[in-house]
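Comments concern the structure below.
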Amino acid sequence: MSIAVDRPAVRARTRRRRPLRHVRVHVFLALAALLWLVPVVWTFYTSLRPYEDTAERGYVSLPGSIGFENYTTAFTQGDLPRFFLNSLIITLPAVFVTLFFAACVAFVVSRLSFRFNVALLIVFMAANLLPQQVVLTPLYRMYLQIPLPEFLSESGQMYDSYLGLIVINVAFQVGFCTFVLSNYMKTIPTTLNDAARVDGASVVRQFFGIILPLCRPALAALATLEFTWIYNDFLWAIVLVQSGDKRPITSALAQLQGLYFTDYNLVAAGAMLAALPTLIVFALLQRQFISGLTLGASKG
Amino acid sequence: MYDVRMMTRRSVLQTGLAGLAAAYGLSGCGSDDEPAGNGSDGAAAKPSGTVSFGSNYSDELPKKALQAALDGYAKSSGVEVDLNTVDHNTFQEQINNYLQGSPDDVFAWFAGYRMQFFAERGLATEISDVWEEIGGQYSEAFKTASTGLDGKQYFVPFYYYPWAVFYRKSVFEKNGYEPAANFDEFKALAQQMESDGLTPLAFADKDGWPAFGTFDYLNMRTNGYDFHVSLMRGDESWESAQVKTVFENWRELLPYHQQGALGRIWQDAAQGLVDKEAGMMVMGLFVGNQFSDKDREDLDFFPFPEINPEHGQDAVEAPIDGFMLSQDPENEDAAKDLLTYLGGAEAQSVYLNVDPNNIAASTEADTSSYTPIQQKANELITGAAQISQFLDRDTRPDFASTVMIPAIQKFLREPDDVDGLVKSIEQQKKAIFA
Amino acid sequence: MATDLAAAPRTSGRRPRRRVGRLTTADRVAVTLMVGVPLAVVLAFIWFPTLASIVLSFSSWDGIGGIDTIEWIGTTNYEQIVTIYPPFWPAFRHNLIWLAFLALVPTTFGLLLAYLLDKQIRGSRVYQSIFFLPVVISLAVVGFIWQLVYAPEQGLVNNVLGTTEQGNLINWLGNPDINLWAVLVAAAWRHAGYIMILYLAGLKSVDPALREAAAIDGASEWYAFRTIVFPALKPINIVVLVVTVIEALRAFDIVYVINRGRNGLELLSVLVTDNIIGEASRIGYGSALAVILLVISIVPIVVFVANAFKEES
């Protein structure tokens, strides 16, 4: 990306300078990257060492033996599969509903002009930025009061139910997605709509048939982001769910730490396992992830 | 408002002995105390179904022990117990939400004001009928400890344990140490340990509550049990000379405490005791959880030393752990059956076989299988003139957690500003107890 | 629906005018639902509780028992918080320090990383992934990871520095004078990657012609950056600033996981939860703290929203 200019003097100067500059840059970046990785690598390393090994040799030492026992222990004794399942049960529907709601609102706001478009967007976006603690108590009280049928919630209330967690995550995330999608939809030429309308297509048909498919890149990007954010949520899980076995993985980790306090190796394995889904999503869908963030940002 | 204090009478000695006598008398009499697994007296239908059980017995040993007790129950009853174990600290922190949300039928809790607080607000169901079954096994003091402010019982005791100064016999023998009987001897002992290269007092207060044991004892030894209870109730000023003396006494001991306590959990501090790097630790009997079975034989304790001869070593801090019935249980009959079982000697003995770091609450429990240290603990408590429950069980929960935890942690960081500290505590106390 | 055939293909970003009244009934129902349902959810579960919190902040209530047990005490809670509640001012300070630190250190570092990576050197994708990795990990897990790093006797840092003995032990997380900074390092570790991505996107939108012009004129890189690139990043800067402020105010997970936010790690968000979900249950008091947090947050929220809609109106 350097300057392709036809001035020999400049070219010579930049050519001579470039390798030197880039070497320095490389060294700096490499060092920084190594430092950056240290905490995660350290956790991974610790998780591979059996407790007896570290008890004997200390944590900063070459290992006597290495293995995945901590992982199997964490998985079985820590009851992790259940918590993973809980996370999925909460995250996947929440992502889906959030995106659907956001697309609906974005569609209306970007295609049809109401007086209240801006006000609407503000209502949604500001909600997204509020600190979660502000709604904590009244929300908790509300959840205790709202009854749910048995098949939706074991406890019969919204408190301590998957639906409760899904709803609050949706409420908090829908603003950001609406904003991004509405900006994105504005870039879709209106001629497409117009043609459909002339043909007598209803709003619903336009939405599902034309606009949504065109938003796929943005939706994919947002889905990646939202999956990560909702999966990583911590506060709602510890406040709104009380049954140990309904907790999603991130808050269940605290339980793991409480139950296996001095066994850092086990906690390390648990932490790695908990982070695994997001790491996988990140590895596979990094491009979507980043474009999701930047879609929201660069239009700001 | 909270005047019915459990374990708080001078006469606990007499009533305790009387209770024991009565219990022995009863057991001589016949079959009133059959294994509580059979709960009701046969005339009523046998309870069945499932009972949900919320437990905070999250550490490894207690968890196993509780499971053993429940297995014993499963054998003799038709009730299935659905155990829901939550991390110890988390369970307590979330108790408000838990009890108002959808709590399990039976849940673990503590005696003392902490129990009365929730009972008074209707978050527990009274279980006086369970007490009719098990009452014979308990002294008056225990019954009072399990009684709510309305005179009905809400709590079934399970086990209890004293707080004291723990040490390893081998370490004391090797270095020629003797247990300290008073404050000067205590300081001298700590000094000696320090020069021998040991950490005199293993100490941890990351979770905020372990230091309460030291505070309670210092207060009771310096100012007496009655003052302590009164202070917990909010009836004394924290700015009084008596309270300041407590902190000053503590300040004299602080140099001998393990450094970095605020970043350490008690289990790690106890590890120092296990590893023979620390000489002593002010802790509850459950410190034995950290020891292997073999090492536990080396564990011993001496009562917290006397500071003011007027109060001697009269008071013992011995919190009672047990169970309660939540406000709207799904299976009340079966739950009460379970509670009756747990309040009985058999359940407690089964528990203690696996987790011997406590003492059965029931006077009928077989103490012959107690380890020496359990016997000693039992003697310590039964011989006590007064018994306290622990700071966070003897006072309002909001005062204990939002005021006292940060206050004691602040003291540990800045032991010199006692005046500022007690002033702040007093102001907040007035606001909360108002 | 009559269309504005005069509205020939427009350039992106401009909304055509539609006369709402021309929608069919079915359409109207659809639109109402499409906006109404999400709106209802957000109003009911966010805005209504927020208002309720504000109202509750003037009360004294232990949360148990019905609404009729609430006692109204005016501004007493606020007075107490500001005068006799020991953790409040430290928490306030810590939030400010958190904000200042995040704004100065990881934000500029993120900008630097973005600038360097924007040069399309070899392996920039790998670097990008590495720096961005902490962002996808849950903050709670970040807290666990760094606890392993900072543990007093068995952690990485102390063992590498050799400070694990009683005499020279550095208690990174337990010593209130340094634990905030130790935790800030962890927060920065995460924040920098996030900012880096935002700036990378922003840098891409800086017109290359501008940079070429600067180079032709023989400007040094720093000069070019200062006078051309950075000003061109203004829209992104605002986003970055708002994001940083919001993150600083929201900080909760790491601190809670490490030591429940005590002893040097007090934060306003944790104080709220202490009073509300702890055993303490001082609802009015906690709500007052939440309102204080809300009031402080309003400023960046307004800035963000105003900025976002500058182009609209």
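Chains here go by letter, A, B and C, matching the order in which they are written, and residues are numbered from 1 within each.
We take it that contacts are C-beta pairs under 8 Å (C-beta built on N, C-alpha and C of every residue); 3 or more make two chains touch, one makes a residue touch a chain.
These numbers come from a predicted model, not from an experiment.
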item: Two chains sharing the most contacts, counting C-beta pairs only; value: A-C
item: Most distant chain from chain A, judged by the mean position of its C-alpha atoms; value: B
item: CA centroid of chain B to CA centroid of chain C, Å; value: 42
item: Separation of mean Cα positions, chain C and chain A [Å, integer]; value: 14
item: Residue list for chain A, restricted to those that touch at least two other chains; value: 140, 238-239, 254, 257
item: Chain C: positions in contact with at least two other chains; value: 63, 277
item: Multi-chain contact sites of chain B, meaning residues that touch two or more partners; value: 94, 97, 100, 268
item: In the complex with chain B, residue positions of chain A that touch it; value: 140, 144, 155-157, 159-160, 238-239, 242-245, 254-255, 257-259, 261-262
item: Chain A partner contacts - residues on chain B that touch it in the complex; value: 58-60, 84-90, 94, 97-98, 100-102, 265, 267-268, 271
item: Of chain C, residues touching chain A in the complex; value: 1, 3-5, 7, 9-10, 12-18, 20, 23-24, 26-27, 30-31, 33-35, 37-39, 41-50, 52-53, 56, 63, 113, 116-121, 123, 126-127, 129-134, 136-141, 144-146, 148-149, 151, 154-156, 159-160, 186, 189, 194, 197-198, 200-202, 205, 208, 211-212, 215-216, 235-236, 238-239, 246, 249-250, 252-253, 256-257, 269, 272-273, 276-277, 283, 286-287, 289-291, 293-294, 297, 300-301, 304-305, 307-309, 312-313
item: Footprint of chain C on chain B - complex, ascending; value: 92-97, 99-100, 121-123, 199, 206, 208, 258-264, 268, 397-398, 400-402, 405-407, 409-410, 413, 424, 427-428, 431-432
item: Complex contact set, residues of chain A against chain C; value: 1-3, 5, 7, 10, 14, 22, 25-26, 28-29, 32-33, 36-40, 42-43, 46, 54, 58-60, 101-102, 104-105, 107-114, 118, 120-127, 129-142, 167-168, 170-172, 174-175, 178-179, 186-191, 194, 197-198, 200, 202-204, 207, 228, 231-235, 238-239, 250-251, 253-254, 257, 264, 267-268, 270-271, 274-275, 278-279, 281-283, 286, 289-290, 293-294, 297-300
